[in-house]
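Following this message is one structure expressed as structure tokens.
Chain nomenclature is as follows: A, B, C and D, assigned in order of appearance, with residue numbering initiated at 1 for each chain independently.
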Amino acid sequence: MKAAKMTASELEERLAREFPQGSYGKRIHIEAVGQMTARLRYTVNERNLRPGGTVAGPTLMGLADGAMYVAVLAHIGWVPHAVTTSLTINFLKKPKAIDLIAECKLIKLGKRLAVGDVGIRSDGDDELVAHCVVTYSIPPHGH
Amino acid sequence: MKAAKMTASELEERLAREFPQGSYGKRIHIEAVGQMTARLRYTVNERNLRPGGTVAGPTLMGLADGAMYVAVLAHIGWVPHAVTTSLTINFLKKPKAIDLIAECKLIKLGKRLAVGDVGIRSDGDDELVAHCVVTYSIPPHGH
Amino acid sequence: MKAAKMTASELEERLAREFPQGSYGKRIHIEAVGQMTARLRYTVNERNLRPGGTVAGPTLMGLADGAMYVAVLAHIGWVPHAVTTSLTINFLKKPKAIDLIAECKLIKLGKRLAVGDVGIRSDGDDELVAHCVVTYSIPPHGH
Amino acid sequence: MKAAKMTASELEERLAREFPQGSYGKRIHIEAVGQMTARLRYTVNERNLRPGGTVAGPTLMGLADGAMYVAVLAHIGWVPHAVTTSLTINFLKKPKAIDLIAECKLIKLGKRLAVGDVGIRSDGDDELVAHCVVTYSIPPHGH
């Protein structure tokens, strides 16, 4: 168990500033980072929707990847070149057209490798819409 | 082995028409569909790029999912509510900032379940930047 | 959340009786079943070991699959023809040559599909040696 | 594309000699190694069978892992401490109670990381019973 090194707001602000074309601080907000965890909120709009009013799969995959990225950076500090090496997602039910909440829990946080699982659910609903396992490669860094 | 029921251009035109907010006919072009295969081209622009000039992971995941969707529809006909049930991706090397080519091969095409693998590479390069296995659930349909 | 329908000892006894060539009641013991969970203990012996005194990967995969099978049957009742449809495992560190503990948590338990995650660790150690996501197909049944 | 450094018979003999408690040279035979490929035959006996006369999932997972191990060693030479880091398997149809053929194709063979896919089918049948993606970590070695 490791404590977070950056707060949710520090990290959101830094991600928004350094990746201005990304979604942080706009459609993605970091709600919390805790011991080996991170929680993101994604504001769904009509561009993400598929026929039937459901959120597109790639949106969920991008969100899961983002939740893992945030969890890793929150715990190792600002090492933006950490990269996804693999991702496995199971889609469990159709998300509604409302905000999505992604909760990442780090399963392993080593010097070079991190593994986490991410559950995504519609805001206000307990059941997951998708479950994801993500692995990251962490480059050598001075922290 | 099943032969395709829709050609590449029929399918691209239909996807572009029915999902006008999507990327088909714009940044995604269906180059070919063959026996249990489909090939897509994705035009990379700066919105997809990550620091270092590489293509973002979610772009690759969305493209892999799209290649599988196209391969499935090409072979079962127009059943747009076919949905992704799982996706596993391994990122193999950093893509350059040039067009991506995604090639899907259907491993299994059953009545209700399809499984395919997708290799993604930068145009003009033989080595894969990512490899993906995707499963789809196919709803009952009249074809 | 669903409560278990069969206790750990009922299930172990039944699995041992109906699959006499299997490992239940011998090297695999069901320690507990709870709300959407199951915990198994695997007694490692030298036949499972790889060079360096570590447990072979297929042993871990079989154990993860078994933990999910037990969790599913505990919650839906005796439906032995439930079958694995997919499994993704990440190996996190080398297990020692001591008992393994596998803990399964059901992420989704639908009528036809179950998804669970399984963490495996060496007895007495907190860190996982492997993490697994398993999906099962549940045949129609009268329970 | 890399050519194999060890032949099928050299590798089978060495695996049988160094891992006498394993299955090489007994129930697993290496039929061929080619450019970035390997093919294994597994002799099914009743110990592998599940109710209904089908082969147990862990047998298929172990075989897929073995096919990848053989493919990697055939191409990098004798580096037995190469280890599985992840494995994703999709079970596609029930195998019959006859020999299984596993064909591995290396997707990437880097200095430290190898990724391969493995298709498993019943001998004499074209359709896959399982499809697998396996990643291996390769330790530093002198070859």
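To be clear about the criterion, a residue touches a chain if its C-beta (ideal position, glycine included) is under 8 Å from a C-beta of that chain, and two chains touch if they have at least 3 such contacts.
Bear in mind that the values here come from a model prediction, so they are computed numbers and not experimental data.
Contacts with chain A and chain D are shared by B, C. Comparing mean CA positions across the assembly, the chain most remote from chain D is A. Spacing of chain B relative to chain D, judged by their CA centroids, is 28 angstrom. Chain D has its Cα centroid 24 Å from the Cα centroid of chain C.
The set of chain C residues that touch two or more partner chains comprises 86, 88, 90, 135. Within the complex formed with chain D, the chain B residues making contact are 88, 90, 92-93, 107-108, 115, 117, 119, 127-128, 131, 133, 135. Listing the residues of chain D that touch chain C in their complex gives 18-19, 21, 46-47, 51-52, 57-58, 61-62, 65, 80-81, 83-91, 94. Interface of chain B with chain C (complex): residues 86, 88, 135.
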